[in-house]
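In structure tokens below, several structures.
You will see subunit A twice below: alongside subunit B first, and alongside subunit C after that.
Coming up: the complex of A and B.
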């Protein structure tokens, strides 16, 4: 059992995908990190397909990729907390997130999950979250978006 | 490879990732496709001088605020009453004194008429307040006389209203500050000799406070009004009790009666009219609520109208009450042995001279008057900014400074008001004649605008509302004439100043309009690429790295590139030619011998000659004068270098078909 005196984490990696969950997890992470002044690293990974070299200048030229991190920084500023934004290019988003968290010795990885359903109505969790849950060496918190009831 | 970064190896053999640099991050934030928002670092100082100035500004006015930090707080009626009414309510601190100063000329007995005069002014206040309630209802977005007259009468009337308002705001600062200082010196006479210093320092502090982005919505600003109201109403209650129940009365000092008899004028209607004109200063600030309707909580118009009624009622009670006490206690202004205001004497009489409540009352009065001065620091820059946006004032009046305040307007208001206080020697009485004139002109224009508003729109209730504003308009017009005549000749200065300001504004507007017309590009025009030929002229002082860099730059923008060397020494010219032809063979060098040792003149004359030699049937080319410039490392280096380039630049700016391009050469270490 964990010691209640200890802070929940000292360094957390926040995985951002540019979706509506980003703002929620940045706010949540900032509030949780504040008491222990934990370090927050916001990571956005741009997936590069095999037709391009891994170091092709894709994310650097993408306003959208930069905007994801800039907006996260703006949200953190609103709640008066500092985050370190990191932009990555990789072949696989999930592996890059796990590697980044591992290399930075993060003790928490926060990842957002939007509520989507497959054809047929089953909940679709995608492939990033399961990979992270299976491979991340640190604790993983998955923050799922609230289910929006469709208006009848 | 991005930024020279190598891919990082992950935990599994195939998992590699690359960190993408984000060089924009410290300075900009992406807010949309192709859209960046500058961060504080991008607006930061670049040079050592700018850094020093930024540090000074940071200490004085605080760190810069982003536009999104602006608070659009809505005010409750209680808070709005305190904040918007400080100007009007504070005028009760000096209005009685102004009446008594006039009436004393009719002898001590005439002072008894002070009460009648103040009741007449209170009646006028009721009419003005009822008229302005209509403005609140008709213009829920804020009905300053500028916007009312602009909507109903057009440009000229609105500019007259704006000029009168600007004068009014400046006078509010000067009069309120002077009066506040007089309240302080009435309590502590030892400070009388330094009253101008106190006044100017107070205005400086208020200016700095406003440059820091002082917000009037804080509770701290509501406090002085309520402290003054409480202590003044208590004073009136206690004083009235002593007069009406205890039968306590005062008498004027024998000296005063003797002086009054010596200078007595017959108590005729003229003296009463003059006293009325003097006391009408009590109405100043009544329009503030109508101007600030937007700041109220919803329903804005109704809340503003209610607050206006309460304010008028309070002002009436205070003004009549203070005059009643002054008349019955036999108080008028005294200048000797030491200057003490009427309201201070009344407080001394009721609360006891040099008692704690007396000092508290004086402190509250001074605080309220400083707050009244502060209200103009909110209104003046805002009006100036609106005028600047409409093109009637220089554009820098509409630029917001580091702390979101209209810096230029704040500084101009502070400087003008402080100068007025200094010129008047801190004497409120000397400033008053300039004050009420503009206010009543404003009232009249605003009410006339409302009459036109009801007449043309004929909105529900117009038959009832139109006569109210018409009455207000006629009455305030009469008072404007009376006040101007009674306070002449100083009051005529305002009448002179208004057309001067209007003319200046029209002149500025004409200039901006001409510039807009000149720069206008038709919206349907498809703009072709450049079609005029370009030639490059490079004034040189020899061959050096800065010159070579300038020549290379010139070659990138035109094929016709030539260097010009102005010298008084032909041998030096020959030496340079030899070297030039060897080292820069494709760039012609023109050597101009200057026996009169001039540099700028021959270069400009050479350009004229080139232009004159151009075939008249061809469109004139663009002369690009490329100036090699050595970048100095220190401020004192600048004295040593580039003086000729600077002179040349100022001579060429504005020259037809000429572009000046600086090519800076920076030291590598």
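Coming up: the complex of A and C.
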């Protein structure tokens, strides 16, 4: 991003978690991608716990997973931009996102973060965002949801 | 094959790495969160930072579908509990335990652990092979029975020297079957006369050791 002549990114992976941040990051990504016609890959990862084999047919049967991708596509359609929906299943969401960004040679990974606090009031960042920040080979943009009144 | 390794010390860590390299599906449980994070950073998100002695965490780690559970913590009691739960609660086909104190081996066997790995015993065996201790040398255990392969080196003063094998009083359940003389192995017959420096190979139960020692080495071993 240091060179203003360069597009901000050519291929971005958008991490969808099914939460309210999804719409925000899809809109944001589409706006930023439009000038350079960058490719957007919207990824939703279904985490498979160790009680099941990794190739268990879970993601394909999940209505919730399909809903997450459908809603992202619907948002993209509203802003007249095309996204490629990808459904993955993995042991760990963060590692799967980093792997996907690496394999697709994405130059940006966009991830939403809801504002949550632990008991005692400390901000809880969770474990996915720190892992992605630490391990993703590309640029990472974290879009944190606004703090709602009762959380302040 | 799905292998559940419990204990992220040196043994568990290297075991996990080797299994992954061999193409197995592996999950490692390590109760120390700092250590678990350190391993996960290096080998990926296959580490569950919980205590494998707790059934709910074993369940979370997928013990219900594990082909093998290897309990390799530095604590014998923990390893026994892990194998017991794996075997009896999750029906794991094969359990392997690291046993640090050789005195616990019998207990582990008695309680149904499928395979015991005793680093202490292995090192002891290696030392005994390199440094003759004028005692019976345990060469190997034979399968799941109590039988062991034992070597006795006949040194000067051995009551067996000059006697034929048939003259020796062997305890029940123990058989002498070969002798190594001048580097050559030969079968032992009842009329074979034993000589100084012979290495006699026997098969017998552990409880035969005292009498075998008396017949081949001399006075009973202090541990017998």
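Assume the second predicted complex is superposed on the first by the 149 of 152 C-alpha atoms of A that agree within 3 Å, B and C clash if a C-alpha of one lies under 4 Å from a C-alpha of the other, contacts with A are read in each partner's own complex, and residues count from 1 in each chain.
The rule we apply is simple: contacts are C-beta pairs under 8 Å (C-beta built on N, C-alpha and C of every residue); 3 or more make two chains touch, one makes a residue touch a chain.
Please read these numbers as outputs of a predicted model, since none were measured by experiment.
A.B. asks: Could you check whether subunit B and subunit C clash or fit when both are placed on subunit A?
C.D. replies: When both complexes are placed onto subunit A, subunit B and subunit C end up side by side without any clash.
A.B. asks: Looking at subunit A, which partner touches more of its residues: subunit C or subunit B?
C.D. replies: Higher number of touched subunit A residues: B.
A.B. asks: Determine, under the contact definition given at the top, whether A:73 touches first (subunit B), second (subunit C), both, or neither.
C.D. replies: In the superposition, A:73 touches subunit B alone.
A.B. asks: Please indicate which partner A:31 is in contact with in the superposed arrangement: first for subunit B, second for subunit C, both, or neither.
C.D. replies: neither
A.B. asks: Quick check for you: in the superposed arrangement, does A:92 touch first (subunit B), second (subunit C), both or neither?
C.D. replies: It touches subunit B and subunit C both.
A.B. asks: Applying the touch criterion given at the start, work out whether A:50 contacts subunit B, subunit C, both or neither, answering first, second, both or neither.
C.D. replies: Touch status of A:50: second partner only.
A.B. asks: Could you say whether A:102 touches subunit B, subunit C, both of them, or neither, answering first, second, both or neither?
C.D. replies: A:102 contacts subunit B only, not subunit C.
A.B. asks: Just how close are subunit B and subunit C at their nearest CA atoms in the overlay, in Å?
C.D. replies: Between subunit B and subunit C, the minimum C-alpha distance equals 5 Å.
A.B. asks: Between subunit B and subunit C, which residues of subunit A are contacted by each of them?
C.D. replies: 54, 91-92, 95
A.B. asks: Touching subunit A in the complex: which residues of subunit B?
C.D. replies: Touching subunit A: residues 1-3, 5, 7-8, 10-12, 14-22, 24-25, 29-35 of subunit B.
A.B. asks: Would you mind writing out the residues of subunit C in touch with subunit A in their complex?
C.D. replies: Against subunit A, the touching part of subunit C is residues 2, 25, 27, 44-46, 48, 59-62, 64-65.
A.B. asks: Any idea which subunit A residues touch subunit B in the complex?
C.D. replies: 45-46, 54-57, 59-60, 63-67, 69-70, 73-74, 85-92, 95-96, 98-100, 102-103, 135
A.B. asks: With touch defined as at the start, can you tell me which subunit A residues reach subunit C in the complex?
C.D. replies: Of all residues in subunit A, those touching subunit C are 49-54, 91-92, 94-95.
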